[in-house]
Amino acid sequence: MATVSASTKPALKENLKTANTSTNPVQIRVARRSPAYWRVTIDNPPINVMGPEMVRQFQELIGAIEADEHLKVVVFDSAVEDYFLNHSDFIAKLEDLTSMPAGPTGLPPWPDFLARLTRVPVVSIALIRGRATGNGSEITLACDMSFASREKAIISQWEVGVGMVAGGGPMARLPRLIGRNRALEVLLSSEDLRADQAEAYGYVNRALPDADLDAFVEALATRIAGFDKWAIANTKRLVNTSLPPDVELDAGWTACIASLGRPAAQNGIKALMARGFHKPGDVENRLGYYLGQLAR
Amino acid sequence: MATVSASTKPALKENLKTANTSTNPVQIRVARRSPAYWRVTIDNPPINVMGPEMVRQFQELIGAIEADEHLKVVVFDSAVEDYFLNHSDFIAKLEDLTSMPAGPTGLPPWPDFLARLTRVPVVSIALIRGRATGNGSEITLACDMSFASREKAIISQWEVGVGMVAGGGPMARLPRLIGRNRALEVLLSSEDLRADQAEAYGYVNRALPDADLDAFVEALATRIAGFDKWAIANTKRLVNTSLPPDVELDAGWTACIASLGRPAAQNGIKALMARGFHKPGDVENRLGYYLGQLAR
Amino acid sequence: MATVSASTKPALKENLKTANTSTNPVQIRVARRSPAYWRVTIDNPPINVMGPEMVRQFQELIGAIEADEHLKVVVFDSAVEDYFLNHSDFIAKLEDLTSMPAGPTGLPPWPDFLARLTRVPVVSIALIRGRATGNGSEITLACDMSFASREKAIISQWEVGVGMVAGGGPMARLPRLIGRNRALEVLLSSEDLRADQAEAYGYVNRALPDADLDAFVEALATRIAGFDKWAIANTKRLVNTSLPPDVELDAGWTACIASLGRPAAQNGIKALMARGFHKPGDVENRLGYYLGQLAR
């Protein structure tokens, strides 16, 4: 993906670099294609997991998006092959995440980022190529629109399969989007969904042939970037009456953290690690299948 | 359907047998495939209508489901060919139904059962083969998920076509699931829907080839039965913010009972009976068509 | 379309004729096919725009629908080739619209008409052949059901593309119908949707081959017209808990009027006019495309 340009504003880049992290220092790259249109590229190889440092960078990003008067469209994509955005980093210390201060909404940083993304007067578009599992699905559900590669996108909420509860709001958002019956299927089966199934359910806006996906999103983003910001902002504001209340996101996050302290999740993650989870390979590639094996 | 086993717990079976009924004494059979997974088979031949006795057995069933600490998944299917679960028994005395005490939710027994099914920390799955009309559609809508035979499933809310209002909550549930426009089409046309149409509308989770349906549901139920109950329960609890409030179910039930006292419904049911309704044959098989004939 | 009959009630026709208008005096024709079933045909050639006079006639129409005890079904169609119902009349004086008194709901006349249409105990069906843009989409969303010509229907909310906010409630209705992600795509892209796409999103009930559309709608309307009005009315009343509150329609209207006073919309409409907007031709035919050109 050639979308990561050198045009990232120095100020934001500086902040990202001063962040205290032992992994990739810049995990979220921002390319300003024009004053009205940014490309945000998630880049934490090899499998694009989300640890505390990435959450901190998402916090910085949303502050920058909110502060910019000229910005109208943000497209989220990935620089890591086979992964759009993956589950959390289970090697990182949980305290590094739970000790982060709440955001302006009063929510912890990850749901705070997602809630603010839904409300900011800027259009957010997820361009999904590769696996969107857990956090990847949650950012998709928080984006205003999403378009997925028919051949290369996989989307899932895998948490129940490993003894966890999802933390970024899918219990609040999925029923409104795809109905309670399909939301429960997605969440309780913890299965991998291909793009065509996700489109049929309304989980993503559209599945597109991989060869057409970039051009489609680029044309749409460019089109909207040419429209009037006030009209965009007021239209989105009125659509946002359909958002779930923040307390539902908060309750989901609390259940997620509680689940991590239980033996079921600890044993589940350990058993999955023993099979090759958390590094490139078959367990990550076919996570839905391996969750089923674990349950036997 | 070979799913009715002898493993039904004696206690529950005893209760069912002592029930005061002039028809089939055990209309709902429970097979415990494992401590975590029950199969509930609806069995009131020849056309699987639901009378007061079946409602009483559904009440017992939901009590047993709620009381069991190990149960995680319940699959509902049918032992009666061509019928999943059909409309109410119009030969039974209405007073036998209306005189039953309200359930723990304060709702009358049928909507009480459905409301509790949606809230119980156990996953419910409807396996639909044959006709799911009226009550059969209502239990489908109350289940967490539903899978229908592409060749053999028919789903409908037939009530308006005969001058009635539906009593088990479809006015409250369908708009949230398939949108107001399609909910009104289903309810006000009173037409039969084939499985493919029901899937396209999101009325059921998926339509599957009849030959694949049993294996698909069995694999899904077994998979979920292997997951952690706490994670399942908390995830379902958080999804349940999307449920309609009980007062909507109550209002629907009240309108249903009121409709039964009106000449329109009484004449409609009588006219339908004269054509062969309420017994095996063409009127039951093509109910949607005959409702249209009635209206001429 | 041969649906406009001479059977329109004299009283209503008289009122329509006394209306103060410089354009087509009767823009909404009512044919009473039976006491239970009316056909309402929108007829303001050449491009079926909606000006203040048409809004006034919609107000009269809804009063007549509400007052009729025998009416059960109203089908909306068009007498103008290629247009079901189009955007507003931008040549008419805006004051002629904004000076009209609020309707019984307290809403301005256009959203008042739409809100009352959703609540009246009569089934409304949109038969969409040709373009349903802006107001045409809004009346579709307020109808209880909608059926669109696969070859000849186009549906869109074009407002953001010209610097406006939509005034007839799509921000309130679309997310409930097609999910927030697709609602935002429709509204913020301002693109033209073909009938198949609209059906896939659930924006309309069904897309049908143009040759089958009239017969399908006629059969459905006739069928429902034969059912009991009390059962229809009570079923629709209970489904209507899913309607957005009127304050959301009011907020949308307010934003729409505010948008019209801003340079973005004034310049956008002017630029579009310069290319041939507001008269038969390519700009009206491919409005979505031209909005994208404008944004460059």
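The chains carry the letters A, B and C, assigned in the order they are written, with residues numbered from 1 in each.
By our rule, a contact is a pair of C-beta atoms (placed from the backbone, for glycine too) under 8 Å apart; a residue touches a chain by one contact, two chains touch by 3 or more.
Computed from a prediction, not measured in an experiment: that's the story for all the values here.
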Using just the Cα atoms, superpose chain A onto chain B and tell me the rotation angle to the nearest 5°. 120
Validating interface symmetry: for the copies chain A and chain C, is the fraction of residue numbers used by both over half? Same or different. different
Whole-Å distance, C-alpha centre of chain A to that of chain C, is 37
Two-or-more-chain contact residues of chain A, please, as numbers and ranges. 176, 178, 202
Enumerate the contact residues on chain B facing chain C in the complex. 159-161, 163-166, 171-172, 174-176, 178-185, 187-190, 201-202, 244, 248, 251-252, 255, 258-259, 262, 264-265, 268, 292, 294-296
Residue positions on chain A within touch of chain C in the complex are 123, 143-146, 176-178, 202, 204-205, 220, 223-228, 230-232, 234-236, 238-239, 241-243
